[in-house]
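A, B, C and D are the chain letters, set down in written order, and residue numbers restart from 1 in every chain.
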Amino acid sequence: MYSFKNDYSEGAHPNILKALMESNMEQSEGYGEDKYSLAAITLLKDKMKCDEVDIHMFCGGTQTNLTAISAFLRPHEAVISASTGHVLVHETGAIEATGHKVISMKVDDGKLKPIHIKMTLEEHTDEHMVKPKMVYISNPTEIGSIYKKQELKDLSECCRLNNLILYLDGARLGSALCSKGNDIEFSDLPRLTDAFYIGGTKNGALMGEALVICRESLKEDFRFHIKQKGGLLAKGRLIGIQFLELFKENIFFDLAKHANDMAQLLKMGISNCGYEFLIDSQTNQIFPILPNKIIEKLKEKYSFYIWQKIDEDNSAIRLVTSWATAEEAVKSFIDDITIFMNEFYVV
Amino acid sequence: MYSFKNDYSEGAHPNILKALMESNMEQSEGYGEDKYSLAAITLLKDKMKCDEVDIHMFCGGTQTNLTAISAFLRPHEAVISASTGHVLVHETGAIEATGHKVISMKVDDGKLKPIHIKMTLEEHTDEHMVKPKMVYISNPTEIGSIYKKQELKDLSECCRLNNLILYLDGARLGSALCSKGNDIEFSDLPRLTDAFYIGGTKNGALMGEALVICRESLKEDFRFHIKQKGGLLAKGRLIGIQFLELFKENIFFDLAKHANDMAQLLKMGISNCGYEFLIDSQTNQIFPILPNKIIEKLKEKYSFYIWQKIDEDNSAIRLVTSWATAEEAVKSFIDDITIFMNEFYVV
Amino acid sequence: MYSFKNDYSEGAHPNILKALMESNMEQSEGYGEDKYSLAAITLLKDKMKCDEVDIHMFCGGTQTNLTAISAFLRPHEAVISASTGHVLVHETGAIEATGHKVISMKVDDGKLKPIHIKMTLEEHTDEHMVKPKMVYISNPTEIGSIYKKQELKDLSECCRLNNLILYLDGARLGSALCSKGNDIEFSDLPRLTDAFYIGGTKNGALMGEALVICRESLKEDFRFHIKQKGGLLAKGRLIGIQFLELFKENIFFDLAKHANDMAQLLKMGISNCGYEFLIDSQTNQIFPILPNKIIEKLKEKYSFYIWQKIDEDNSAIRLVTSWATAEEAVKSFIDDITIFMNEFYVV
Amino acid sequence: MYSFKNDYSEGAHPNILKALMESNMEQSEGYGEDKYSLAAITLLKDKMKCDEVDIHMFCGGTQTNLTAISAFLRPHEAVISASTGHVLVHETGAIEATGHKVISMKVDDGKLKPIHIKMTLEEHTDEHMVKPKMVYISNPTEIGSIYKKQELKDLSECCRLNNLILYLDGARLGSALCSKGNDIEFSDLPRLTDAFYIGGTKNGALMGEALVICRESLKEDFRFHIKQKGGLLAKGRLIGIQFLELFKENIFFDLAKHANDMAQLLKMGISNCGYEFLIDSQTNQIFPILPNKIIEKLKEKYSFYIWQKIDEDNSAIRLVTSWATAEEAVKSFIDDITIFMNEFYVV
């Protein structure tokens, strides 16, 4: 049984484990103030060509989101999110648990645009409603699409004009930045967003996300919030070492590119069989629409999620590749789908 | 510079890294539903001779405390804590941030007793005050003392009589259970508490705490709370593997014993120089009272915290040992303190 | 300038002020434990033919909702609301501020039906999403429609089958129960809901809402929650006296009937001019669709809210009547609209 | 049975009820934007000789405190309070329920001094502890003592130097400002505090507190917070009218003076019998220490709270007078205590 369920099925890139071994018995400062974490922060600033940011390490994405959002907003302020947004749908009300409403905007392609922001602002006019204050986007989105640079620029300008905070969830940021259609540079992010995070967990780390705070006014006292929300890891070096390894030779981008390549290989194979896709994704999640009969057969050998019922006979499934996806597994999946298709339709 | 600042300066016990290496490229289920985490849970239940508990893994202690406490209490219910309690003092208001008051009871030895519970209950009589509902204790306490079995039994009975939840913070549980004066068995805990956690971070893991929920009514839907508070690790096996390694050959207890032994060695050496201690600790934190002059000299070669000013010339310091503390470092510390003492007083 | 903006423009029914005068210098217990509040509770139980409920008085609706909802739910539990629901839209995130997500279900007529509940439950399947636990409805809805008895029964049954709490916001309950199409009795509410509140503010009181808790398991310690959320009025008799006056001679229902009658009079007059309505309401809020030109003229003499743009030339407005609405004002409004219409179209 | 239990046993000063009657059928704007509320705000500004403040009306003190404190603080910031502080002890964790820790400082006379602030700041040094940000004081304190002008100045200066918010709970502000030892002017408060509230409930209103926000940076968006916390009264004029009546002819101060006079009369009478007091209060709460035997006798004719056990035979009781306390009741109490004393000791 090979899994295309997600991008966190395996452990970490071997370089990371090697670095953990080598540094294991060194004594270091706790709570992220060790030399590895500091070096990782310096390296990340260097890679994004921006020294004017604050960087904080977290264990996971939900924790990053809830800590950042609750630190950045006052109690009456709310988040605007696409209807597919992770904070809206898949974090068990983590943001609401810190007291903030997440306003849902219906979108088809997972992406918020200035028009959605304007609509929200027009509806929220007085103190009887929450005050929209943050725009939350994910790149890639939860359904695999990516923002083009001009789209991000437009959003960024819209936010600045309306005094909104633009926050980018980069759980799979590597995949977005390394995808075929992407024209956003890593170094664009500190200029175009107020805060964003770089996902390690889904791109080769054991765990770890690096939150980058770009807007000056959001930086103050941030470590208090990490501690209060339970996110300040005693052995902080554990995350520092990982980001150091991921970025010092740009493995981070190589791994993301591999994940994307595997997804595109899958996509091509499935497409060659004549199947369509729910959405045109160039990142590491794809959503082919397959006959239920074939899905049943595939499930005997592969694990993956059924994403959505299309009609009585067909469903969209989600296939996720990762830094660790074996090319043979992809090829075998394509072979199998071809065989199953022929079995059913040959007669 | 050798550090006696804390018990999380080094990485993990080598067995843990080895196990992470060996399992690294295996695919496993996410969010703690992998085979390692399940095996660790089974093993822990076996070690505590109790099958009727639920066990959940967390990255850190503050996260464990805030998730458990907010899941267990209704909004008007409060926690009773010793005035030294970690949740009261050193978690940046994490419990209050989930909406609950922590009531402080002044104690000298870090330990709550039934008398403190009764005093609190007598003071909180109506709906104009919070309703005390949970008793929070740490074993060992934040100042190194431990609960005797009879003390824990008395507290447990007092809690049951008054319909209070007894929660034990075991950040350094190994050290308590392996200390000289201890008469509590690991298997006593599920019977005597309603919930407790087993600290991995401070006893040889990279990170990881295992929360044990003993009282049936506290178990329902607990995973929702972990997710909501940002504590559900995608690669949950990372913690599962560590607890499996720590407990399968009882390394957990060996490491704790080593930490205690090193602390007692330090204590004896310092005591032999004629110095006193702020509190009589048999766990891995000791609090010698030293002349400031000697402290200054020691600080050139060792790092540790100044705990408390005693008078103009003397202060109590905190020395913490761990599973990784080298016996040579301890001996060298004792040699140095002896030399410094002689330097100052020989004339 | 006569106002049809809302149903809280005037003070209180004269009986209420009279009763306040008469009792003014009596000494009474604080915090709602006075004889008037107790008598009001007894009277309300009598009127709803149910002794097995707990009743608590509040100053306002948002306060009632947030206190009840946060007392009834555990942190991971969420509220299902129609997309027009007051708690969702017009309480400045009051529910989220207590930590709970409000799930929006798109409806056209303001009413939730079992199908919406089922859809929500089917989507919320695991701990990565909130757990739907309460169904929030308003009767009448925020757009003036009412639940029929069978609809309420169906919802009630659906909630019981799925272990959900059914909560009814009765800010304008009087108007619903006294409207032409209504077939729900006051005494049906304790049987069909788990909790509901009886709105006084919008039906002749200076202020005051009476929360009725029907389900046994929701009653415990409720006064702690009122106090904690700032809702326990020192001179609680102020609300008790008002409910006593409103219900002792059934003024509550008479006032609501008057408000409805005035609205229906308006409706008939506007309808006779040939205008349509956004929704067919039989309660005290109506939503006629008028030419913008006529709206402009009306605004010179009457105040009301523009509810929604219909097209370039027409908008829906909201007209609200109340216990205090003067019949002459209604007639004058109808006369004016007829005159304005003729002015514009006579040529 | 005459009650000296509190200062909210009766209704409102007759002028208030008269004003409510006269304005009853006028239509006015909702949510505190009516002409009465606006006039009351103008009048209050005039009385405190300061136009640069924002004023908001609330129904009760706990609601005022929780709304102001949660609006003013970021999540990691905490309140410093005397150990007797109302927010610390008697608001059912209302402040904690909004996420903020209240730090208790042990004081004997109910008053915080700069030394307490400095001690707190010295203890709270890093992100592992909350950040003290607000100093909460009550004037008069919960035990009847008052701040002298110099004391308030010193606190104010200490707060400004340390970038702390000074918040004054004025539930009984009238009594403080009209007490014999007072040297603070009403107009000193906007200069010396960052925010304070003027208590109406305990000084002749049906209900109502007026929050005055003095510091510019605390004013923004405040009405959102009132609404979110359930404090925005639909018929806001109800409170506006009351403050207008209380201040337009300075009744507010006359009523407070009466309450103080009654308390001092009681005090003198009790003192003449040879009894001592727990604290020397010149406001409307006094705490005589009486033999339990006499207390038992008094309880047959008067209601009041037992405050504290002194020894086996004596207890301190709390007697509260108000704007409505009848001089005859006071005299009768003194007569009775004299009689009871003689009964017991004559033999």
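Worth pointing out:
Everything that follows uses one rule, which is that contacts are C-beta pairs under 8 Å (C-beta built on N, C-alpha and C of every residue); 3 or more make two chains touch, one makes a residue touch a chain.
Computed from a prediction, not measured in an experiment: that's the story for all the values here.
With contact taken as defined at the outset, subunit A and subunit B are each touched by C, D.
In terms of the distance between Cα centroids, subunit B is separated most widely from C. A separation of 42 Å divides the Cα centre of subunit B from that of subunit D. Taking each chain's centre as the mean of its C-alpha atoms, subunit B lies 51 Å from subunit C. Annotation for subunit C: residues 75-76, 91-93, 97-99, 127-128, 130, 224, 227-228, 232 touch two or more other chains.
Looking at the complex, you find that subunit A touches subunit D at residues 70-71, 74-76, 98-99, 127-128, 130-131, 221, 223-228, 232. Those residues of subunit D lying in contact with subunit B across their complex are 75-76, 78, 89-93, 96-102, 104, 127-130.
In the complex of the two chains, the subunit A residues touching subunit B come out as 2-3, 5-6, 8-12, 14, 17, 20-21, 23-30, 59-67, 91-94, 97, 201-202, 206-207, 224, 227-235, 237-238, 324.
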